[in-house]
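Below is a structure I'd like to ask you about.
Chain naming follows the written order as A, B, C and D, and within any one chain the residues start at number 1.
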Amino acid sequence: MSLKEKRKQGGTMKSAKDDPKPVDRGGLMMSTKGFKGMARSPKEAIEHVVLANRILANEGVLDAFGHVSLRNPENSNTYFQSRSLSPQFVTKQDVLEIDLDGNVVTKTDMRPYGERIIHAAVLKARPDVNAVFHGHPLQVIPFTVTNTPIRPIAHFGGMFYEGIPLYDDYDVSSGMLIATREEGERIARALGSSRALLMRGHGCVVVGDSIQSMVMAAINLRDNAQVQLWAMQLGQPKFLSYEEGRQARKIAQESAVALGRAWEYWVARAKKAMPDIA
Amino acid sequence: MSLKEKRKQGGTMKSAKDDPKPVDRGGLMMSTKGFKGMARSPKEAIEHVVLANRILANEGVLDAFGHVSLRNPENSNTYFQSRSLSPQFVTKQDVLEIDLDGNVVTKTDMRPYGERIIHAAVLKARPDVNAVFHGHPLQVIPFTVTNTPIRPIAHFGGMFYEGIPLYDDYDVSSGMLIATREEGERIARALGSSRALLMRGHGCVVVGDSIQSMVMAAINLRDNAQVQLWAMQLGQPKFLSYEEGRQARKIAQESAVALGRAWEYWVARAKKAMPDIA
Amino acid sequence: MSLKEKRKQGGTMKSAKDDPKPVDRGGLMMSTKGFKGMARSPKEAIEHVVLANRILANEGVLDAFGHVSLRNPENSNTYFQSRSLSPQFVTKQDVLEIDLDGNVVTKTDMRPYGERIIHAAVLKARPDVNAVFHGHPLQVIPFTVTNTPIRPIAHFGGMFYEGIPLYDDYDVSSGMLIATREEGERIARALGSSRALLMRGHGCVVVGDSIQSMVMAAINLRDNAQVQLWAMQLGQPKFLSYEEGRQARKIAQESAVALGRAWEYWVARAKKAMPDIA
Amino acid sequence: MSLKEKRKQGGTMKSAKDDPKPVDRGGLMMSTKGFKGMARSPKEAIEHVVLANRILANEGVLDAFGHVSLRNPENSNTYFQSRSLSPQFVTKQDVLEIDLDGNVVTKTDMRPYGERIIHAAVLKARPDVNAVFHGHPLQVIPFTVTNTPIRPIAHFGGMFYEGIPLYDDYDVSSGMLIATREEGERIARALGSSRALLMRGHGCVVVGDSIQSMVMAAINLRDNAQVQLWAMQLGQPKFLSYEEGRQARKIAQESAVALGRAWEYWVARAKKAMPDIA
């Protein structure tokens, strides 16, 4: 039995639906309406891909591996992503355009990431998503291999109030990497309408409607995991309720003001640490 | 039942009043008499607000979010605080004057922090307080969501010898942010005469009679939380007694010598890491 | 009874052989065929020794102590290694040629590492190994002194799918350092055909067929240990199966693409942090 | 009952004397004979005091507080120590000469550390000691407030093989700081012939016959504490035996070669991080 099935059967996973106050989600799961930072052109989207790579490396969420993607604002059937390169060193010249089957559209012989199919499959299955993260923050992995799911423990984790599912249906022959279109589709199905997906013994997928929202979600998932590791050592934590999480997401994490301030902060820090960012 | 009520009823919280040696507190809770570093003019107060923001970012106590305030030395009914901006990047030009109802006094269209009402309400309720911190150090949050309160475990935590109360009366509709005057007043009441307040699933408020004393308390609260997390893994710690804490606060944390040395250290480190500080 | 014997008798060590799906290892344990980064000349090997020292210091795997070695590509009976010097400061001028009995071949009066016999003995016993690491990453040591072995908990630890044995047969008179040819041989026997060896109360030995593969294994062992420490706090983790580990090693850790990208990343980071690298 | 008494009565402290292989200590506890780095003149001693302050700040063992001292090589009745200043910023101009009663000998109005009596009392009681550290590394404090003593868990902790006693006899009125000659003498008695002393809810004292040996002991005590915190989460660790510790101290930590290499490393790192070191 996979860990996912154990969690479903008698597991300790208390998903959002155990909460007595379910609330009509009404329309799009995410909306950062009013936020001015979303890319309006392919040129700007490419610049944002560079920034997101540098930010997530600088904040310790990505290392030699992991990747981000952003949907083409002028063609919802393609997305931008670095060639196979460590995030800390991505420049505009490294960014490829890829379609939703994982084919590289850019005329180039640069090698794409082997796991780009994660991004293609999620962007195909989720029209509300424009940006995807896949990485292996060390603090997150313990929650992928035990019966303890990540749950919102502080307001900055509120965006995960609907629960974070777990993927555990690997093609063993692919070495726990997601390399085929079929496994990409399984990943997208496991993610469903959620904000993030844990991958057993591997890492996570995090999504957002903008690259800023995705970056915030990736950082907050890591920080929520760290706090939860500490708190569970003291005893059973009181997690955010469904409604607290829902409101915290709306007001504290995805308001135009909060996203704008955080993005400005991450960009400034990354540029200070990496003066070569164009 | 809120976590706060559970702690009150049968909780594990052993507050200072369980200690057999209560001591007359005599007058002001805090006094750093003799300390020469307190701001004497609005100009100096604004410089101190810049330094406190930079120091707390540099020492890892604040990140993209959180804020500090300092009462106007020439008008006890207003205080200085940055516009809505990450602490690491605050300059003198970003500092606003705000009154104790949270109204921006400075003629400007710069946006203030949404949670400035925390500072306004605390400064209104506590004439002995001149400086307020609100932030979300990750090590502190576990103690806001479990039945384990932060207690002084080392001499540098002695300043919290009177106990740290817990706030858990959120307006759910505000997303766990403190946005209304009513909730600001509830925060101030929960803080009472204490040196710090934990906020469930959110973070903390820390106060001081000078900005230096507030900065030290914010750093020491984080460090005490870290040591307590480690110690509780080994067994039940022997915490400081009420009297040990009271003396440690007076001699080790709020003497003019200790505050002066620490402030000089934090300023020098911040200026080295951020040469743009004016 | 040594800790090693306890583990053998009734210990909790579930080695790879407990796994129901053993797989024929067929030929060499490691093969990074197709990887273009392997040193082809003594000159290049010396440059790689310098880089590996700098990288492992920069990534926090080595501090004042610990060392790496690389077999001479033109003479399989000698290897290259720094003189007795902290890894962070090794330059090409510090690299010695040493034979497989630990004798310094280079005409010099520079002092070699006292523990060079570890490298000599392992390179003598293991023709498939070209690079050896010995160090003391703090996260690894807890697994050398308790009944809990390190097991692959994430795909990046897959390379250790065959189990990591434990050495606990010290000559007490040598202060837990490996100083004699006899003890070097015992280390090599304890390592056997494994990818790594834990040394009780001391540290570890990690090997690779290239210096890049050895560096990746040393970093991944440390990271796997960190994740395992966190996960075991939450409950009993689901580790990678034998076959998952085997495939992950082949595809995710020792493919030419993965090794190339990681090496480029580590080198660039080290050169940024240490501009004096030649 | 103090924590120290509890440890003595039925505590979990397994001191060195429980070990079946006690060994004649013969003469001086410490001897780094052959080590060339010991200060030979007051001028050199002052330079070493500056370096030790900078190193311990740079390696994260000291922060705004804590201090080091070194006996005058030309007058065993005085020692050198910074004026009251954070270790990260000490220069040669800040170093005072102080006698073994804590009186400042240097003609100056610079303020000495309030706790200099720790150093005076230890140097007076221990002719074999030339250098003293007092600080508050966060990882060490958990072992001062629980029934778990620090014991050698890796070879680098071997130097503490004779056990680390605990001080818990504070003058409450001094705020857990050591400010009087009487309390200084109690500290020295509690230290006895040991290499280090834990201070309940405060920190530690560490000694050495040279400043290099003291710096290594302070860093190793912190690292041993960190590894022990992690290991005890996994189960009961196998600590070094008395004889293993004794040999490890002699060979791995206090040989001229090991001390020389480590000192060179720490100095180079400190000078890189703090180019203002004279």
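The rule is simple: a residue touches a chain if its C-beta (ideal position, glycine included) is under 8 Å from a C-beta of that chain, and two chains touch if they have at least 3 such contacts.
Note that the coordinates shown come from a computational prediction; the quantities given were computed from them, not determined experimentally.
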Listing by label each chain that touches chain A and chain B gives none
With one step meaning two chains touch, work out the least steps from chain A to chain D. 2
Could the interface between the copies chain A and chain C be described as same, meaning over half of its residue numbers are common to both, or is it different? different
Let me check something: if the centre of a chain is the mean of its CA atoms, which chain is farthest from chain C? B
Just how much do you need to spin chain B so its Cα atoms sit on those of chain C, in degrees to the nearest 5? 180
Distance between chain B and chain C based on Cα centroids, please, to the nearest Å. 47
Quick one: chain B and chain D, Cα centre-to-centre, how many Å? 33
Interface hub residues of chain C, defined as touching at least two other chains: 233
Using the definition of touching given at the top, classify the network of chains in this structure as line, ring, star, complete or other. ring
For this structure, give each pair of chains that are touching. A-B, A-C, B-D, C-D
In the complex, chain C touches chain D at residues 3, 63-65, 84-86, 88-89, 111, 114, 136, 138-139, 141-143, 145-148, 170, 172-177, 200-203, 229, 232-233
In the complex, chain A touches chain B at residues 152-156, 158, 223, 226-227, 230-231, 233-241, 243-244, 247-252, 257-258, 261-262, 264-266, 268-269
